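These notes open a run of structures that come right after.
Two complexes, one shared chain (chain A), two partners (chain B, chain C).
Right after this comes the complex of A and B.
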């Protein structure tokens, strides 16, 4: 255990303590953890081989080369793995907190509920997805033509924006649990579906879906546009290329909106008791 | 805005009302129905008192406990706990109370008791000197020495409850709310928990609000009992008063070494049970005092043994609920 602090820990200090404790708990059975992480790596990598074999067969698809698609794929998977690592408490919120009533327990602690749920678990298992995402991303940068040096700045920024967006989805999902614990599988359309959709260039989708992943869930803003910027690939839909340097901000805006929704949901719970 | 109603009271409740709005049929658009969980209750608990808070299931106990804990907002009424409005500033309020829900753990299943306490130290911001003192004191009083390094998952129910109580007190709360603290415990663990709560109140002046279905907890601990039913307070008095007003009758049991004889009893006494070797007589001590009744039956032939007892606390409370249709 870490040495005793002598004063009240701030939010970040407490988060580190809770995250540390959750890592101790996860590593109590190291065999299980290693097998799960390897399984996570292999299954996510297999899905990339599906895409790769398509490009092997056709060379390029609708004007997109394998390098660009690999960058998109890596970006969305790395971002999602970071959100999965941080947001486990929100992912299991319905089953482990609402249904069991232990959310009341959480309210009895003198800290923000968001902080306590972030501290529920710093999940190690998504390291498999993270590593394979980095692997595919680097391979994509190696394969793609016209890679810009600014990619080293924009891509981490895009990962941060994407992680914020996916974390926002998980927080929104948790907020919905106050209304219904059943039927939340629908939200997986936004998480796992978002990861799937983010792997492909925006132009491959129909207008309706394009609008959805641009304006409702800002997936294009945290993946597609930063990738175009990094690879100096003009947008076939006509937006200026510099958009991609700023658009990841949309992920943080989305997260902010979901945090507001969360706070409203908690206030509603406290006044209705259900 | 947070001026205490009375500075000597740890808890003050005035005209507290809570209405739940329930959706009928569970559909989103369906009709709603209002349920009156608390219908205007008022009481106050002075600092350092142990008050029992009892009532049948669905009486409104847990609603009141949730409001006092700051995790539920009432529909109307005034509440001050430590001078604060619980729901107005949850974080400030919960830092000063301790709550044990017998059915739910506040520790971490996968961590050891010691690791869990250390994490609570950081959540509550207890400085390390005070933490070390409290931890040592609680480990000693609750006999936690042997289980500090065990993970919570491995503890027996009795061990876990002792760890829970330590966890609820690591930040020196002025008020301790105990919700079913002895549920499922074996007899030695129940006695240990009761003894600890008693000492806590005596030595540290902690105010304790105790809800339980185990009337022996109430008898052993509570100086005062608040009975709630249908969202109202049905009684608020020392337990002895409840006994006197509800069920003051006594029971006289007689054992015989042969068949019990037929006998005529004085007014106020009635024969309730007859077996081949015993008789049970119920009597009202105001009409016929116990010594007089014992003298009356004392010369019966074949009488072997005589016992006078009072109805159990469970019988009293059952009668009380029945009298109030609670």
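Right after this comes the complex of A and C.
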């Protein structure tokens, strides 16, 4: 017997309902929400004040003008805030699902576990980081010379690739929880640490770190190269400039690999509940 | 003995801090990562602008960053978690009923919590960033020794004052929590303030010159910035005496005002729960 389409929601419809419920729940306490969003905005803006102060003192960051650095900074923060909004379920997965054993209940539902965890919460708080990132990004485009009109296409594409990459990190982090049960803070190195590393030009880092954020975590592909392409800035490391138009694809490839890893991990899941 | 209850409160929180050994190692990895990213950024900024007379040399900026990273958990990022829980559940009445001075009772618990978290991490990171980095041939990136014997002794005194100052600021967050019945507000306010104003984000001496006197005079500078300056032997306007004087001033001012605020808060405290 096949379920009739009028009574069963599609995957997207279901997600929309879960997201709607989550938004209503968060707006129940408007005061808390506003304070947290403002806190988020101020914290992230202050971290740009740190970079700006370095410019004030040294004139440039290793030969990069402030416009370029602002574009990098804005790009990585906007991408991360989108992933933070969507992926809250994966972030709390270890503590709230694996340790308590309530992941068993998700497995009983006739839907993809990924969809159900995405619907855990559509988090509104990162809007502070998002707005701040957009603000710095626009300011950077304003200040930087040689901005290409193609930036309007490449930058959203890079944000999508970056969000996919960070979401992939969160999914990989959740898949690790099947082994470690509790969440591991070390993974913050890839999320918050990734944001920290992504806001500086790639050439500032030593070779081992450059390789890591290019080939292991494709941070350079979703942030550095698209920014160079948008600003028509030649790459000091010698790669052709058009590569930035295609490189954000690597973020989606990374997400795909993490989804495969997740599916394997779920197949081997043994409940810790009673 | 009259001080015994406060030592008990201290001992309890100290043991909680030492409990999570894996968390210490995880924190170490994260701090190494953030330290490495920051150090590489500073190195390339300094090398690109060799003519700029910065208030800190590159080696000093690196040492500053290592010490700051290792003392991250000493910062007053929010209220004591136990008090946050007590405020929410109403268990705070038990604290009110105790025949002890509540300020000292909470202060000893807060201080122990900060030290129990910070001391093991600081010792570990100092070993890795100091002698171990030297042995691995990374001498230029390592933690520099103190400027001299006198500087070392004064820095030790200063960091002791800094720990008390930090615990006193945590007390303010505790009172805020008791007042608003939720620990979230204290974290939303405390974390950005502490990260920016203590020099965690960027060493306070590297900010633009016009803002530096204000940054030195505010209370958060007394936690880690002043001890590190004494350790490095970088000049403080007015000498070491100003540094220690500022710390003592803020310690007494915040204690007096905080006690007043606490008395007022306790008098009108409404406890929820049965």
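As a working rule, the second predicted complex is superposed on the first by the 260 of 274 C-alpha atoms of A that agree within 3 Å, B and C clash if a C-alpha of one lies under 4 Å from a C-alpha of the other, contacts with A are read in each partner's own complex, and residues count from 1 in each chain.
Just so it is clear, a contact is a pair of C-beta atoms (placed from the backbone, for glycine too) under 8 Å apart; a residue touches a chain by one contact, two chains touch by 3 or more.
Quick caveat, the model's predicted, so the values are computed rather than measured.
Once chain A of one complex is fitted onto chain A of the other, the partner contacts of A:60 are limited to chain C, with no touch recorded for chain B. By the document's definition of touching, of the two partners only chain C reaches A:50; chain B does not.
In the superposed model, A:186 lies in contact with chain C only, and not with chain B. In the superposition on chain A, A:42 makes contact with chain C only, while chain B stays out of contact range. Of the two partner chains placed by the overlay, only chain B lies in contact with A:14; chain C stays clear of it. In the superposition on chain A, A:153 makes contact with neither chain B nor chain C. Touching chain A in their complex are the following residues of chain C: 23, 26-27, 29-30, 33-34, 36-38, 40-41, 44-49, 52, 54, 182, 184-185, 188-189, 191-192, 195-196, 201-202, 206-208. Chain B meets chain A in the complex at residues 18, 20-21, 63, 66, 69-73, 87, 90-92, 94-95, 97, 99, 101, 104-106, 108, 110-111, 115, 118-119, 121-125, 127-128, 131-132, 151.
On the chain A side of its complex with chain B, the touching residues are 1, 4-9, 13-14, 17-18, 21, 24-25, 28, 100-102, 104-105, 107-112, 116, 270-274. The touching residues of chain A, when paired with chain C in their complex, are 32, 35-36, 38-39, 42-43, 46-47, 49-50, 53-54, 56-63, 184-186, 188-189, 193, 196-197, 200, 203-206, 209.
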